[in-house]
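Below, subunit A partners subunit B and then partners subunit C, in two separate complexes.
Up next, the complex of A and B:
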C-alpha cells in the first residue's frame, strides 16, 4: 500500500512538472553541417534539439561541441535508441549514458519515442511501431517507470510514423491517450508523423486531433518527407508541406505549446530556408502562448 | 502472440534473417519499411563517407544495399560501424579503381578516428585523397586516452 502511494505521488509530481515547463519557442534540430549558420543566427534560435545517441559515448571534441551549444542555446536531448517499447526491457548501459548526458546539459525536459528499436538481440536501427494493445501500453509504462528511477528530468514521449501497422486492439489516438495516461508523460507531438500515418492508414488527421490528448502536448516536431509506392515516408528530407502547417496551426490554436522543432536530416538546404520555416512556426506558436 | 515474440518477428523481418534475406512476407508496408531502413543506413553511411559515396555515385546505392543485406550493425554507434564496414568492402574490392579504394581507405581511417578512446591509425597512400595536388603521403591519427584530444598529422612521405 505504501509503494502504491509513493508511485501515485511521483505521478502527480510529473504532471505538475509538465504544466510548469517553460515556453521556449521555435527552434531547430542541430545537425553538424548547419553549425556555422546556426551560430550566425543564434539570436533567432532560442532552442536546439540534439540527437542524444550521437553523444552517448562522446569524444573530448564532442564534449566541447556540447558545452559550446549549451552556452548559447537551450539544448533538448532527443533519444532514439532507448527502445521504451521493448518487451525485453531497457539497455541499462544506454540508460546510464543517457542519464550522464542529461545531467551534463540540464535541459528542462528530454524526449523519446513511443516505439521500439531492439528485440531478440537485434538492433533494428529504426523506430518501429508498437501494436496498439494494452500489453504495449503496460510495457511502456513499466519501462518509463524504470527510466524515472534514473533520470528525474521530465520525459516527454513522441508519436511515431509508420509505413505499416501491427495487429492491435485500439486505434492510434486511443493508444496515445492510453500511453500518456498510463505513463503520465507529456507529449512530443510530431505533426508530420500524424500526417504521414493519416495518409498511410487512411484516416482524417484533423478529426484525429479531437481524440488526441492535446492538453499534454509540451513540444511539436515538424518537417517534410516524401512519397513512394503510394505511401508517405517520414524522411525529414523536404520542406514542411502545407497540410502539416495547417495541422500545426490547429494544434497551436487548441493548446499551449512550449517548443516546436524543425527536424531536417536529409537534403539540408541553406540555413535561410530552415529559418523561414522556424519563423513561421514561431508565428503560429504566438497564438498558443497563454 | 506475446508482445516480445511479435517484436522479435518484426525485428527479424525488418533486418533480414541469418541467411541475409529479408523476410517481410507480403505486407507492402513492412517491405517498404525494410527498404526505408536500408535507405536510412545508406544516408548515415554517406555522411561518414561523403567523398567515397559521391565518387561511387549510383553504384553506391547498389553496393550499400548488398552490404546491408549481409551486415547487421549493433549498438548505438551503429551508423559509424556501418560506415566502417562498408568502407572496408570498398577498400578490398579489386574491381574498383585505385583512386576510389584510396578514397575509401582515407575515409575509413577518418571514421575510425572519430571513435572515442585511445587509438593510433597510420595509413599510407600513393595519391593523397586529402590533397589532390599531392603525391604519396602518410596520415597519422592518434588519441592517447579517453579524455585526450584527437591529433592528426600529415607527412609528405610514405
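Up next, the complex of A and C:
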C-alpha cells in the first residue's frame, strides 16, 4: 500500500515537471543530407532532433554544424548508446561526452531509450528491449539517478520497438508505467514503435493507449517502416502509415504533447514530403492543444 | 642620412604603412567580430546572388532560371560564329515569376547579347531596384558602404603618395649629389606600392559579409555539387536540394514555383560551379568572361563575383556605391519594380 502511494506521489511530480516543459511543436530528425532543405524551411521547423551519438566526439566541422543548428533551432539531443538498461552500470566516458554535448546545445530536454545496448562490456550495436521485470525497472532507475547527477537537463525516456520479447513479470504498458514512475522521467512516446509492437505481437495498439501513462508524454516520435514477410520492421524508411497517424491523433487528443519529431533515416525523400508529414503532425498537435 | 640609413628608414616606413592600413581596414569594419545575422528562411536566391556578386550575379541567375524553365533561349547564328543572343520564347509570361527574372525576360523580348545585359540600362536598373537590399546589408555590416570604400581608397592613395613621394625626393637628392645607385630603392618602392595596393577596398563584402556568405553556404547548400533543377507541377515534391530526387522527376511543362526557387539557392551561392555539366557548359559559353574566373565566390580578392565579373562588375559595383543612398525600388516587392 505504501509502495503504491509512493509511486502515486512520484507520478504526480513527473506530471508537474512535464507541464513545465515548453511547447515546441512538430519538427524533424536532423540528417546531414537534409541540411539545405531544413534551413530553407526553417520558419516551419521550430525544433530539430539530432542523434547525440553522432556528435559525442565532434570534429571542428561538426562543432560548427552544431553551433549553426543551435543558433537557428531548438535542438533536442536523442541518445542511443547510453544503455540505461545495463545492469553493469553506465559508460562514464560516454556520459561525460553526452553531458558536454547537452551543455553546448542547452536543450529544454533530451532523450534516451528504455533499452540496453551494452552487456558484459560488449557493445551490441542495437537497441535491445529489456525484460519486463521489476529488476529491470530498478536497474534503469539506478542508472537514471547516476545520469541526473551529471546532467541536470530533464531526461525523457522512449519506448522501444521489439521484434521479440524477453520473459517478464508484466506487459509493456505496465513496464513503461513502472519505469516512468520509478525514474520520474517524462515519456518520449514512439507511436510507430507501439504500432510495430502491436502488429508483431498481436495486440490492439489503441486499447494499449488506455493503459499507458500518457499524461507523462512530453514528446512523440513517428515515421514509417516496412514489412518483411510477416514482420513489421521499424526501419524509419517510409512515409508514416495511416494507422500511426490515427494513433498520433488519439494521443494528441488525450494529452498535451510538447513536441513531435518525424524520424526518417533511410530512403530520404525530398524535403517537401517530410514537411508535409511535419505539417500534418503540427496540425494534430495544434487542434488538440487546450 | 646615408644611403643604408635611408633604406632602413624606408623599410620601417613600409612596415608602419602596412600595419597602419591593416588597422585602418579593421577600423572601417568595426562589426567584423559581431554575431552574424540568422540564415533567412525562406531564402530568396536572387537576394543571395545579389549579395554574392551584385547586379551581375543576380542577372546571371535570372538568365539561368529562365533558360531552365524554357522561357528564355540562346540563339546563335552558325554561319557567322558570332556571339550567342538571348531571346524570350513566345510563350506567355508565367505568373509566379520572380520580379528580377521578369525584368530580364522583358529585356530579352528582342535578342540581347549576354554581355550587354550586364552593362546596359538593365544592370543599372537592377542595381537601383536592389537598393533596398544594399541598404539592409550595409546596415547589417555585410556590404561596404560608399563612405567605407571612399575612406579605404583615401587611405591607400595617401599611403601611395607618401611612399612614392619620399622615394622621388630621395632619388632627386641622390642624383643632385652624384649618386645613381637607386635601383634597390626603386625595387623597395615597388614592393611598397604592391602592399598598399593589396589593401585597396576592392571587395563588395566586409569581413563580416564574407563570413555571412560562408554561413549561408554552410546552412543552405553545404556542397556546391552540381545538380539539375527538375521542374515539376507538384511543388511539394520538387524541392530536391541536397536529397535524393528519386521522386522528383517530371517531363511536363515547367512551372516556376517557390520550390524551384529553393533549387536555385546553391547556384545563387556558388555560381556556375553548382550547375550540372550541360547547364554549366551552356552558361560558360554565354558568359565567357565569368567562366575564365573561378566562380567559387569569396576568395582572396573578396567576393568571387567581383573578380569573376571583371570590368562589368567593377562598373556595377562603383555605381552601387555611388547611389547607395539613392532611390528605393518602390517597396519590398523585390528587384523588379524599379528595373522594369
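Please note the rule applied: the second predicted complex is superposed on the first by the 273 of 290 C-alpha atoms of A that agree within 3 Å, B and C clash if a C-alpha of one lies under 4 Å from a C-alpha of the other, contacts with A are read in each partner's own complex, and residues count from 1 in each chain.
Throughout what follows, a residue touches a chain if its C-beta (ideal position, glycine included) is under 8 Å from a C-beta of that chain, and two chains touch if they have at least 3 such contacts.
Just so it is clear, the structure is predicted and the values come from calculations on it, not from any experiment.
**Q** Classify the contacts of A:231 with the two partner chains as first (subunit B alone), second (subunit C alone), both, or neither.
**A** A:231 sits against subunit B, while subunit C stays out of touch.
**Q** Where does A:268 make contact in the superposed view: on subunit B (first), on subunit C (second), on both, or on neither?
**A** Touch partner of A:268: subunit C, not subunit B.
**Q** Specify the partner with more touching residues on subunit A, choosing between subunit B and subunit C.
**A** B
**Q** Based on the superposed arrangement, let me know which partner A:47 touches: subunit B (first), subunit C (second), both, or neither?
**A** It touches nothing on subunit B or subunit C.
**Q** After superposition on the shared chain, which partner residues are touched by A:257: those of subunit B (first), subunit C (second), both, or neither?
**A** Once the two structures are laid over each other on A, A:257 reaches no partner at all.
**Q** Could you say whether A:56 touches subunit B, subunit C, both of them, or neither, answering first, second, both or neither?
**A** first
**Q** I'd like to check the shared interface: which positions of subunit A are touched by both subunit B and subunit C across the two complexes?
**A** The overlap between the subunit B and subunit C interfaces on subunit A is empty, containing no residue.
**Q** Taking the touch rule as given, give the residues of subunit A at its contact with subunit B in the complex, in rising order.
**A** Subunit A reaches subunit B through residues 53, 56-61, 81, 85-88, 94, 116, 118-120, 122-126, 128, 130-131, 133, 135-136, 139, 162-166, 200, 228-229, 231, 233, 235, 265-266.
**Q** Which bits of subunit B are touching subunit A when the two form their complex?
**A** Listed in rising order, the residues are 2-4, 6-8, 10-12, 14-15, 27-30, 32-33, 36-37, 39-41, 43, 72-79, 114-116, 143, 147-150.
**Q** Along subunit A, where are the residues that touch subunit C in the complex?
**A** 32-37, 39-43, 64-65, 68, 71-72, 267-273, 275-276
**Q** Which of the residues in subunit C come into contact with subunit A in the complex?
**A** 38-39, 41-43, 215, 218-222, 235-248, 259, 262, 265-266
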